[in-house]
Amino acid sequence: MKKTQVLITIFILILIIFPVFVTSHYFLSTLVFIAINSIAALGLFLLTGLAGQISLGQSAFFGIGAYVYAILTTKFNFPSLLTLLLLSPLGAGIMAAITGIPVLRFHGHILAVATLGLALVMYTIFVGMVSVTGGHAGISSIPHLSIGKVELNTDVHYYYLSWGLILLLLLISQNIIRSRVGRAAQSIHHILGGSEEAAMMLGINPMIYKLQMYILSAMYAGLAGGVYASYVTFVNPSPFNVLVSLMILVIIIVGGIGSMWGAVIGSVAVFLFRELMRFAIPIAFPTVGGEFEIIGWGILLIGMLLLAPGGLIQLPQHLYQKLSRKSRYK
Amino acid sequence: MEISALGQLLIQGIIQGSIYALGAIGFMIVYSISRVVNFCQGEYFMLGGMVVATSLEAGLPLWLSLFLGVIIPVFAGVITYGVIHPVRNASIMTLILITFGIAFIIRGSALLAWGTDVRRYAPFLEGEPIIFFNILVPQQGLLILGVTMLTLISLFFFFQRTLSGKAMRACAIDRLGAQIVGIKPEYKNLISFIIASLLGSIEGIFMTPITMASYDIGLTIGIKAFIAALIGGLTNPVGVMLGGFLIGILEALSSGLISSLYKTAIVVAIFLIVLSFRRTGLLGEAETGKV
Amino acid sequence: MEPFLKIDSVSKDFGGLRAVDRVSFDIERGSITSIIGPNGAGKTTIFNLITGLLRPSEGNIYFKNQKLNRLPTYRIVSMGISRTFQNLRLFTNLKVVENILVGRHLQGRANLLSIILRVPWVKIEERQNFEEAIKLINLFTLEGVAFSLTSSLPFGYQKRVAIARALATKPELLLLDEPAGGLTSQEIEEIKQVLIRVRESGVTIILVEHRMELVMDVSEKIIVLHHGRKLAEGTPKQIQEDQRVIDVYLGQI
């Protein structure tokens, strides 16, 4: 216990000091995007890692959060702080509440396809409702977040904002995991060892907790979407396509599906991997375009699932076990 | 709306639907025998079309192009099996993600090989569309229906009449029982993947002249085939086929009557509605309420 | 006075198979009753019917005068009924103490909002939960393994966790499905003591059981099922002397 607390404190200290030494736009904006992805991934962790409900629909909620911020601040002049912190997550949460009730009655593959289908439908709406979302052209000139009179318009501002948010959400998530609600959610996670029937026999209504985790995870993604929109000041449908949902799932698998820190570790790892792909593949295939890094994700996903299913966070333990097994036979 | 215009849409839907029906059957075969939901089903379709297009462009004779267009997706199917086999007893989540991972790899490889271009080739039967009660049926469309019927009949024959097919059905019904009488399920799993990828490649080869192909069509085709299988009741062949035709008709009707953009949304909506009322699909096995 | 639990002409059909056939019996508050019978007699099915995992095809089930037939399981549990499973169904992803804490679910009020806002009574409630869980851990001598994952425990320990978890819901009626299955004679003796103490604290108990040492020693009433029908009902002595029961099931005893 103590060792992790020390590690976390060091981590936070490094986070705070980092922008003093590193000022490049590339680095800082990369870190902002990693934090944004971590927020969405943390949400998915609560739903899939904790409660065991496989969802491929995070991209839809991410997009809703982004478009809510974009539309309310540009077309209706809503205050940016209120919109980002409250209305973006709320919009996503409401959509989750509506779609969750029919969809969460399914399990396993059917649930996966149902959530995937919803993500597809949402993307179609982003593209199709041109009068509201601007279609493929999107919405531009979105205002940055302003807190009171201070406008956050630099990379450093957003760095502190996004990492501050993910740390706050990690704290909140930890409280949830170790609570009555968190235990109820884990008790129905039937893949990892929970049992819906045993939970019902203790008075738990599984649907309530599935729904709560679903709505909560959507709100996390909605918040991430709002931050994204206010940072990039431009939204169009392409960052909210179905593959993004899969990427968020890859993030928590790679990071480690058993721990909320997997969301952060996974985001960093996936980002590094993607940069590696972007660097390496055009060397072998100079004329390539489109989302070519997808082949890398496939390999990464399969590699992790076959070799290290517990994710990167389990890696030290995993290696330690392997090594101690070897030394026993010396 | 005129009868013939409606009828036109219906025919279109049936033709498209037969493709989904084959894909749904492919899903069903793999699922009932290997208990795996294979999200690569759509990628076999994509490979079939793309390979044939490229071969024809390169000047290869038709028979060779068709041969390659079947062999390469089937090869992909065998690879799918090969990657899944070591972890076939893992959790549902792992299996779903592994097939997604394989689908990513196939799709990514296609992108590297063919870029983002859209490919197409001439229909195998050119010539005047046939007129049937005021409805124009493209000859390629008839070919597709014919090939689909032929394929379905062959499958029926295989599963009902041959020893190998019956052994596979035994695995689908009771794995342990099948093993006890000496059937090797792993071998049957492999065959199920081969059949599924074969079906996928056939769909792709015959459909590409009409719908065109590019590296990224696998995802939506796969999802729709899966939805068709689920709507029909994942383990019932007749239901699954009907599911395919239903989806095809729904798509055609919504394209024609509402908007082509929302056809996906409508398919998903119908999927959710049907499954909300009957958890196991229209013709699937009813739940007995056992604990 | 109406009986505590009333099974009134209940039947359950699975397709063509009638697993339970017009079974009726009453259970009095504060009693210990055992349901025995050959495998396939319908004993566990009766438990599933009472707890709402299955719906009766015919007949009614009343608990404290309320009809249970169409209620969802978690509703039935909140009315005061709790149960263990033959195959335990412990939460293997959770530790022993956490399993028992899940059992405390209905005794708590903490919800998502109050947890996120770190409202003070949540912490107090958690502490209380923990104290109650420790009491149960002591009752079942699980102190040594309280923080272990249940999957790493020997079977006898897992059994105790299962019963402790069911008791954590503070039930008025406790259904135990083969609590002695797979246990040694000594472990059965320990379970017997626990059952007596539980009954003394006011909980009504129904056992489904095969191990006659436990059944005969601890039950006030025994109900015998055979092919889904009630064959006999009476005190242990009466059942032991009942010729029909001897023919069908007990034989040597």
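Going in written order, the chains are labelled A, B and C, and every chain counts its residues from 1.
Basically, contacts are C-beta pairs under 8 Å (C-beta built on N, C-alpha and C of every residue); 3 or more make two chains touch, one makes a residue touch a chain.
Given the structure is predicted, the values throughout are model-derived calculations rather than measurements.
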Middle chain, criterion being Cα centroid separation: A
Reference subunit B; chain at largest CA-centroid distance: C
Approximate Å spacing (C-alpha centroids) for the pair subunit B, subunit C: 48
Chain centre separation in whole Å, for subunit B relative to subunit A (CA means): 32
Subunit A and subunit C: spacing of chain centres that average the CA atoms, whole Å: 42
Two or more partner chains touched - positions in subunit C: 53
Contacts with two or more other chains, residues of subunit A listed in rising order: 197
Touching two or more other chains - residues of subunit B: 291
In the complex, subunit A residues that touch subunit C: 172, 175-176, 179-181, 183-184, 186-187, 189, 192-195, 197-205, 212, 216
Residue numbers on subunit A that touch subunit B, as the complex places them: 48, 54, 102-103, 105-106, 108-110, 112-114, 116-118, 120-121, 124-125, 127-128, 191, 197, 242, 246, 249, 253, 281, 285, 287-302, 305-306, 309
Contact footprint of subunit A on subunit B as seen in their complex: 37, 83, 86-87, 90-94, 96-98, 100-109, 111-112, 115-116, 215, 219-220, 223, 226-227, 230, 259, 261-262, 264-265, 267-269, 271-272, 275-276, 279, 291
For the subunit C and subunit A complex, residues of the former touching the latter: 51, 53, 72-74, 77-78, 82-83, 85, 89-94, 98, 101-106, 108, 110-112, 115-116, 118, 122, 125-126, 129, 151, 165-166, 168-169
